[in-house]
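Structures given as structure tokens follow.
Both complexes below contain chain A, partnered by chain B and then by chain C.
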Partner chain A sequence: MALPRASTFQLSRFEFPARFARNRGALVGAVLIFLVALTAVLAPLLFPTDPLRIVGAPELWPGEDPDFPLGTDSLGRDILAMIVHGARATLLIGLCASAVATLIGVTIGAIAGYFGGWVDEIAMRAAELFQTIPNLIFVLTIVVILGSTLGNIVIAIGIVSWTSIARMTRAEFLALRDREFVQACRAMGMGDGGIILGEILPNALPPVIVLSSLVVAGAILFESAVSFLGLGDPNVASWGRLVGDGRQLIRSSWYICAIPGVAIMVTVLCLNLIGDGLNDALNPKLRDR
Partner chain B sequence: MLLPSFAGEENESVARSDDEIRGAMTLPLDVTDLSTTLFTRRGEMKAVDRLSLAVDAGETVALVGESGCGKSLSALSIMRLLPDPPARIVGGSVALNGRDLVALPEEAMLAIRGKEIGMIFQDPMSSLNPVATVEKQIAEVLMAHGELGRGQARARAHELLELVGMPDAARRLDAYPHQLSGGMCQRVMIAMAIACSPSVLIADEPTTALDVTVQAQVLALLKRLQADAGMAMIFITHDLGVVAETADRVVVMYAGRKVEEASVDALFETPLHPYTVGLIGATPVPGAARAERLADIPGMVPPLNALPQGCAFAPRCTRVMERCRHERPALTRPAPDRLVACFAVGQG
Partner chain C sequence: MAAVAAGSRGRAALRLLRRRLIQAVPLMLGVVVINFCLIQLAPGSFLDLMTAENQVSDPATIELLRKTYGLDDPVWLQLMKYIWALLQLDFGFSYRQNMPVIQAISVHLPATLLLMVSSITLALAVGVAAGVVASVKVRTVWDSLVSIAAMFFFAAPSFWLGIMLIVLFSVKLGWMPVGGMATIGGVGGGIAGVLDILHHLILPTLALGLFYAAIYARVMRSSMLEVAQLDFVRTARAKGLSRNKVTVSHVLRNALLPVVTILGVQMGTVLAGSVVIESVFSWPGVGSLLFDSVSSRNYPVVLGIMVLGSLVVIAANIAVDLVYMWLDPRIEIR
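Now for the complex of A and B:
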């Protein structure tokens, strides 16, 4: 039904924090992500020196030397410092790639859903084209062609991740474009641009926000994979690269791989939990469950 | 008030004498032979068939008929807001202050909708954007037509809310539609529709979704605003009680065509077309004997792709003749200020 949906979204604005917090997993996820983000922001204060500098003996196990609580890697670099600084790179890449994907996806989805007809056909066939190419290989190809810089990796991940957001946005626009308030806006003399941005988009955003939060998690995994394969930006110590750097020593010093691996896993898990929580809080169809 | 004019009849001599009455004067809205066809997989359907309609400044013309007879599509055709595909205007003209809207490009229509011609919709609750405040929605109309900047728009929105009798207007500016009642939402819609002082207002069943007491308030409000601004108004409804209260003139539509047109008094006193007689007969009268069953019109509006060959109303008509089944009656003028399309009229 159209009407309850419209009015419930408004209610959720006021009840949003309570509704979100009702999902325990989402709350835990949000707290952990907040801590990760905090360490990322405070990284230069916590570890003011370059994390890639050699500071101690190589391959110290966690706890072996109190100066390096998480040990050192094969070159004698502080793993804790690299994890803290890596959080910056990893989160930044995740957020930026998700932003790129959302920007592309919402733009294409909105135009396809609003105008329909052949515009829609072309946009959706293009989306299918992108969906049929294996994502990781596509990302690797783009990175190899454009070069391994942070910006290129972000763009590459954005290019492979926009399709689901475009489909979601299109579906919302299809449902909303024939609603009476849109018709009323046309009768008031508003143009297509104003209606798309000012009227339909704000109503279409809740599910898109949920999806974007999941794309952040996916983007972090993509970046980790790219860096693990040694195609990441050489000047950036992301978590994926730490895992990759440690892989030769996996038999003797497995912690070098495991610690950043756990960091990636926890972060991605938390982002997915947050996505679920947002879905519960923003999706009125599920709100009374 | 000026003489009501009847334009664009199928009978040419009638049309000519009309022009003489009207002279060179331009009406706010003058629709001539407007035809809208639905192009669907099941064939072409004439949803609006050669409709002519003229509305003078300060005049209210009611468009009456059952569901599916083409009232709303006529309104959307005039606004050029038809869902295309499947609907398209295939003929006729819509002269708004002398300018033919049918021929205008879409960009020109953007500047006209909301500015020269406003429209109010049936369901006020769903006609407002659920995630925007009242002020924002009214301001958007004003700014879309470049009337005001953002700062002045708030003041003007407040003014408009007071004009439409919104209780506690200053506080309601920041309200969201779900915080308002249906009647208040309709007041907001009306405020938006008249924000740029249009010369023509189309009200598509503006009171159908409202409580009866609120209905009366909204009707009174519309009449007041119309009188103050001298707006021409087209009032679409299926409620004859509302027609009697608001309209100066009535156009009865059936299956996409105009079947009768008359002043409101004449129509209720002596309805001519059997369909009009049926509609009036189907309206409950307070105080009438309980035992008396409410009259109804048997059957349904025929689907547009299966219109009978002759008069579309023939299968349901109480006065049907052999001729009605083969031939479509043209509009005739039995009295100076009325039109009817029926063979039985004038035959006693």
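Now for the complex of A and C:
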């Protein structure tokens, strides 16, 4: 059904990428994230052997041996290989957790905003509840009770990250649910499910997608903290775990800690820049704030 | 006139307090129910969970726990009994510390609260100051510097920042202690003792607080710029007030409101963040206890920390609401 787009974010297909590209920080972020993702995908080709295998002398500083540009850790494992393989785990967990959070948040936010009344009240109380429970403590509790598997960590991070997405989706639904095109659908006898999924949701999604790019950044920070504390999946060497592993040696070889931390920081920074860029491109009015 | 106004403000604050306390009840109930669900989801029985790794083999003790938690009862009755036990502050017994869970947690709580308060203070002071500078000197090199610093600290994992601070200030420069809350062996009580604790507090505060300072700087900057365009600011300028006076007494106060809102929302995050920081700096707070309990699968303590942590967050949120009301006289009880 060809109805006018009702969102506050009315942009042509061509205007949007141009706006995004004009934001230099966002462009740099997008390029860097693309490179990180590419490294993650190509990790088995770049370093075909097990990254946790001992390959050289222990505690070689970066640049000391041209074979190991980022040096080796306390056991003599190649730090560059571990970083490249760690990118897979880190990005994958970040994306999956953000997907879980978006799924929960959009579902709850859409239902709350569309139906309003007591449904809305309950949903918002639930959001408040999950904002009250100290998030990382909740993640650790879930992980310790249900086990440190990748799946549990992803779900736990998703469960503590959905509230902002639900609030945003709810606000969009509240703004859209009484617009003419929705009333027209209702008058034509369309069901609630069809209106929510087919009519309002597509118009409500753009700002939600921006937010979920920020949730990916948050999820990566969460996962790195869980792994740093030694509670991550023992079969996965994410960046956070590498920082944790290097902690004992900060007096002699602090680079073992520093390098994976820089990798986390750069990735999160780029995701934030992309989020800001998308936000600016979608809400030109807010750009100068 | 002013006294009457102050009196009505005071009554309004009391009304707000009462309303928030009533709202806190279902919230706490929700936390407890979630806790209970986690216990039910866990592999093994409630009893296994409550005694795991504690080597409780004494049949009398196990029988006592069976009775206390009514393990042969239907689930809903178990939930009621669990809530009843928590209402009496009975969080179970920690065999590891050989004391009731509530006691084990309250021993560690002050250190965590100290770290939280100092980090929030630092975040507010640095964040608000940086945001004000950036907005007053908008589109200058100062503005860019604040933006770059905020971007950096917003992306840096706090535990990693903490380790890097230790490397620089403790290992390389030797200015700061590596960890702990007081010098081992002690420096005596009184002022020397307080200064010693403050000395140990600096690095953990920086590691935890700078992330939030980055958020507040960004929010403060945009909020200052927004408020500065409002009509009442133009009116104040037209009345002949100096730019500085308008900035301080009109813009700043109103621009603080979004910062206070965010502070309230993030209280739980700050508490959770201190868990990680405490592990980095061996800070003897609830985080250290949690980490120890998680590693030893001491579930009663873990669940107790979640309930009490939520309680701290609710209390802090109420305090933030009162501050908000004090800052913004327009807010009346709805």
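Note that the second predicted complex is superposed on the first by the 272 of 289 C-alpha atoms of A that agree within 3 Å, B and C clash if a C-alpha of one lies under 4 Å from a C-alpha of the other, contacts with A are read in each partner's own complex, and residues count from 1 in each chain.
One rule holds for everything that comes next: a contact is a pair of C-beta atoms (placed from the backbone, for glycine too) under 8 Å apart; a residue touches a chain by one contact, two chains touch by 3 or more.
Just so it is clear, the model here is predicted, and its values are computed rather than measured.
S.K.: In this superposed model, does chain C or chain B come into contact with more residues of chain A?
M.R.: C
S.K.: May I ask you to decide whether A:Gly198 touches chain B, chain C, both, or neither, giving the answer as first, second, both or neither?
M.R.: A:Gly198: touches chain B, not chain C.
S.K.: Touching A:Leu45 in the superposition: chain B (first), chain C (second), both, neither?
M.R.: neither
S.K.: Classify the contacts of A:Arg186 with the two partner chains as first (chain B alone), second (chain C alone), both, or neither.
M.R.: first
S.K.: A:Arg251 in the overlay: touching chain B, chain C, both, or neither? Say first, second, both or neither.
M.R.: Touch status of A:Arg251: second partner only.
S.K.: With touch defined as at the start, can you tell me which chain C residues reach chain A in the complex?
M.R.: 26-27, 30-31, 34, 38-39, 41-43, 49, 151-152, 154-161, 163-164, 166-167, 171, 222, 225-226, 265, 268-269, 271-273, 275-276, 279-280, 290-291, 294-295, 297, 299, 302-303, 305-306, 309-310, 313-314, 317
S.K.: For a test of understanding, state which residues of chain B touch chain A in their complex under the given definition.
M.R.: Chain B residues touching chain A: 79, 81, 83, 109-115, 118-119, 121-123, 125-132, 140-141, 144-145, 176-179, 189, 192-193, 195.
S.K.: Using the touch definition from the top, list the residues of chain A that touch chain C in their complex.
M.R.: For chain A paired with chain C, touching residues are 125-126, 128-129, 131-138, 140-142, 144-146, 217, 221, 224-225, 228-231, 240, 243, 247, 250-251, 254, 257-258, 261, 264-266, 268-269, 272-273, 288-289.
S.K.: Using the touch definition up top, name the residues of chain A that touch chain B in the complex.
M.R.: 2-3, 6-7, 9-11, 178-181, 183-191, 194, 198-199, 202-203
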